[in-house]
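Each structure below is given as structure tokens.
Across the two complexes that follow, chain A remains constant while its partner is chain B and subsequently chain C.
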Partner chain A sequence: MSLLQIDQLSVRFGATMALDSLSLAIAAGETLALVGESGSGKSTAALAIAGLLSHQATVTGTIRFDGQALTDWRGVRQGGIAMVFQDAMSALNPVHRIGAQVVEALRLPRAEQRVAAARFLDQVGLPQPERLVDAYPHELSGGMRQRVGIAIAVAQNPRLLIADEPTTALDVTIQAQILALLRDLKARLGLSLLLVTHDLGVVAETADRVAVLYAGCLMELAPAAALFTSPHHPYTQGLLEARPPFGTQAPMLAELVEIPGQLPRLDPPPAGCRFAARCDRADQRCRAEQPVLRPIADTLVACHHA
Partner chain B sequence: MKPGQLGQVVRRRLAHAVPVLLVVALATFGLLKLAPGDAVDVLIATGGGGDAALAADLRRAYGLDQPWPAQLAHYLWRLVQLDLGYSFVHNRPVSHLIWERLPVSLLLMASATAFAVGFGIVLGVSAGQTPGGWRDRLILSVGLVLYAMPSFWVGLMLILIFAVKLALFPVGGFETAASDLTGIARVLDIAWHAVLPTVALALLFVSVYLRLMRAGVVEVASADFVRTARAKGVGATRILWAHVARNALLPVVAMVGVQAATLLGGAVVIESVFSLPGLGRLAYDSVLARDLVVLLGLLLTSAVIVIAINTVVDLVVAALDPRVVAR
Partner chain C sequence: MRRLGLGGWVGLSLVLAFVLIAIAAPWLYPGDPQDRVGRALIWPFEDPALPFGTDRLGRDLAAGIAHGTRVSLLVGFAAAAAAITIGVVVGSLAGYLGGLIDDALMRLTDTVQTIPGFVLALALVAVLGAGVGTVILAIAVSSWTGTARIVRAEVSSWRERDLVLACRAMGMGHGEILFRQILPNIAAPVIVLASVVVAVAILVESALSFLGFGDPSLISWGAMVAEGRGLLRRAWYVAAVPGAAIVVVVVAISLAGDALTRALDPRRG
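This part shows the complex of A and B:
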């Protein structure tokens, strides 16, 4: 049985359809990458799964964690679902000490808090954890802060860790360290990992399976290896072509193949395939009829032409 | 705040205070010189007259026959020794007069600030929790009304309702006259007298702080670290106070320093309304008696009070926000 099972999850902000009928599952111990450009609904999906959307959002569909449909997330904050955020700079409260923030929700006796906090900071590879317990966020570098963010998540003893663009705000070298840490924690603690990113390099290094979102719709769901070798959806193909080729000299701007056009407006979303307006294979049917996901080998693709 | 930072904040404040006080001292000296006549004229007028020879003798005795730079140096040197001059109206040194009245004013200012900050925080959080809701609109409207009411009028109305009609509080005064109360009974008596003046002075500031607090709460509520707190399972009440209100409080505390001068000005008015023997009353009486020396002493004292309040506020801000000293 899957650890996380999402069925027909839709999120609206007023008239805007931010996420449209997303269905997917994450197995225990699996890493699923949720990729897409800004505005594709990937962060919205992550926040919906973590139960952290604002009150303005209208959510329909079901999210099952460990077989239980989630309506109230209080039960899964400890021992269930934890989340690491994109901007570690602002994700920590500036006026509280690091240690206090790590163990804040644990209801530990005061005497045990420092030791517990230091232990979690040590787990995420922070040096001198006993001293860092008393530090404030502004005294730490960006990479250290992101490690603290991960320590806060680890302190919840989660089974599913959602990482929403955990490396976007960091230097490239620090990015690699944070990804290595996530992989390490995943192996050590037996976590499932939902990795939200727009960075296909991160996906290739980390993910078992990849879900490609576009304009709130799931376009392709494939094992990572299959996605990179034989992408089926025209959007996925476009994404892969838009990457600088690996191992070559820094490419000239002209050598990068871009996907023409931009995301459609989603208030309301267009009829038919969301990608039709930017797709060179789009025809009459694409513009009228929204494609449903269908299996091709071990991949699911939402395209009439794939 | 780390131990060494306390000294750092105080030192930085004092370094700013010296030039400010110097400017105020120069201004008071200038006013003293620009005013028609001098101390000897006042002395002779209040003493019932005297001839030109007496005036010349006195001027020599007080150093008023010297050129003004020498007089200025003399004046500044006396200030350094905390000598604010001599009031011939009261026949006492000005510093004694001020020193005697200072506790009354400081007590009024402190209690009004505590009242205003306390209610400002509670009302601001209450309003900011649901921006646009009925509670928010009600509190903002009441705040606006409080802001629009002049404090002397509020004071008079409070006297009329709570002292005259309901007889719950005394009409005025600092404590019950000739009551020989001591210890805790005297403290309670003073507190009982302080209620109406405190409220009258504080209401204006309640509206200032509640608006600031509300704006802070609304802004901080959408901060990323609040989402982090929700993600880790912190309860709603703790999120509101330990994360949202705790951060929204910082500009409110900083504002207390900015408002220090307004607070002092308000205290002068309220002391007159409630016949409290504070600095405000002293200033009022000195104006009526044309006691320029006392007024200038009060001017300097006011500057010192405002600087002192700001120093305290700086220390509180540094204690509340670990980023301040680092900056």
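This part shows the complex of A and C:
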């Protein structure tokens, strides 16, 4: 049974349709990557699952976590779902010590805080955790801060960890370390991981399955390996072609194929396929009728032509 | 308290000295400071018992300064505490809640800010009658707007940070997020402002009593300057001594405020 089951989840901000009828499931112990460009609705989906949407959002659909329907869209997901943010500097409080922040959610008596905090800092691979509990966030490097962010999430004893662009603010070498840490924690603690990212390199390294979002719609849902070898949706194909090639002799710029145009306005969203205006295979039907997800091999694709 | 710097030490020591004088005034100069102690217009240092000399009516200027310190500091700190409290509450509610409440509170702030502070204080004292309480109220009502604007700007920028989401994800309530997570971060600008507001409040109190709107039953530096005004040619020290006291205390408070800001901010090593 799935740990997280999302059915027909839609989120509107006023007239803007940020997320349109998203249905997804995450199994226990699985890593699902939510991929898309800025404005695709991937962060909105993550915030909806975490119960962190703002009051301007109108939400419909259902999210079941561990069989229980989450009814409150702005409620705390205590004891189940924790979140790691993109910029740890902005998620940590500069005037509070690291240790106090790590165990904040546990509401421990003061005497037990240091030991507990040091244990969580150790768990995310930070050196000298006993000393770090007394440090302030500005005394740490970016990578260490993100480890602290992960320690805060782990301290909440989650079964689903949502990581919203967890490596975007970091150097490439640190990115790899953070991804390795997430993989390691997932295996050690038996977590499920929802990885929100626009970086296909991160996806390839970490994810079991990939959901590609475009303009609020799920375009393709595939096992990670299948997505990279045989993408079905024209948008996914475009995304993969737009990646800089690695290790080729050819000059980089010549190899890059961009997807022409930009995201459509979503207030209201266009009729038909959201990607039609930028797709070279689009025809009359694409512009009139919104494609539904249909299975091709072990992939789900929303395209009339796939 | 590591890095106060020379100015900080000077400022803090002077503020502490004035506080001690204010506390000790009834023991240092028992009785009414308005009583005659000797001949009129004894110059400072002429008589070792009267280091600041006497005024036109033979009253001890040193006793007046000591007792006047009580009024100046009381009004300065009480008015600043009230103004900062109003400013922090208005500013943080506006910044955190946003929307209509933000608009309403900030338009109110704009309205109060367009009225010149000293004129507003003067009008309030004129209407409500002279008295220490009235003076404090008048100064507080006319000087909370700067704090409100700065606190609002700071809080609304912190509101957008992931910190707020992270805290909510941990199950913290809005009150806890605002008061325990956000407000400690903006303590530094508020402390600087507080020192400025204290200094301005002392100046406004002096100005009000100079114009005769102070508490008539209490001796005040501003009233002492007003007394000496007519004697500037014959005995300039009668106005200069309380004037110097005002300058020194205001400068000391500003220096101390600056130094505290630097010392309290954990981000500056």
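The rule is simple: the second predicted complex is superposed on the first by the 296 of 306 C-alpha atoms of A that agree within 3 Å, B and C clash if a C-alpha of one lies under 4 Å from a C-alpha of the other, contacts with A are read in each partner's own complex, and residues count from 1 in each chain.
Simple rule for what comes next: contacts are C-beta pairs under 8 Å (C-beta built on N, C-alpha and C of every residue); 3 or more make two chains touch, one makes a residue touch a chain.
Please read these numbers as outputs of a predicted model, since none were measured by experiment.
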item: Room on chain A for both chain B and chain C (clash or fit); value: clash
item: Chain B versus chain C as contact partner of A:M83, first or second or both or neither; value: both
item: First, second, both or neither for A:F13, with chain B first and chain C second; value: neither
item: Which superposed partner A:F228 touches (first chain B, second chain C, both, neither); value: neither
item: Footprint overlap on chain A, where chain B in one structure and chain C in the other make contact; value: 50, 52, 77-78, 82-83, 85, 87, 90-96, 104-105, 136, 138, 149, 152, 156
item: List of chain A residues in touch with chain C within their complex; value: 47, 50-52, 76-78, 81-83, 85-87, 90-96, 104-105, 136, 138, 149, 152, 156
item: Footprint of chain A on chain C - complex, ascending; value: 161-163, 165-172, 181, 184-185, 187, 266-267
item: Footprint of chain A on chain B - complex, ascending; value: 222-225, 227-234, 242-243, 246-247, 250, 320-323, 326
item: Residue ranges of chain A in contact with chain B within the complex; value: 50, 52, 54, 74, 77-78, 82-83, 85, 87, 90-96, 101, 104-105, 136, 138-139, 149, 152-153, 155-156
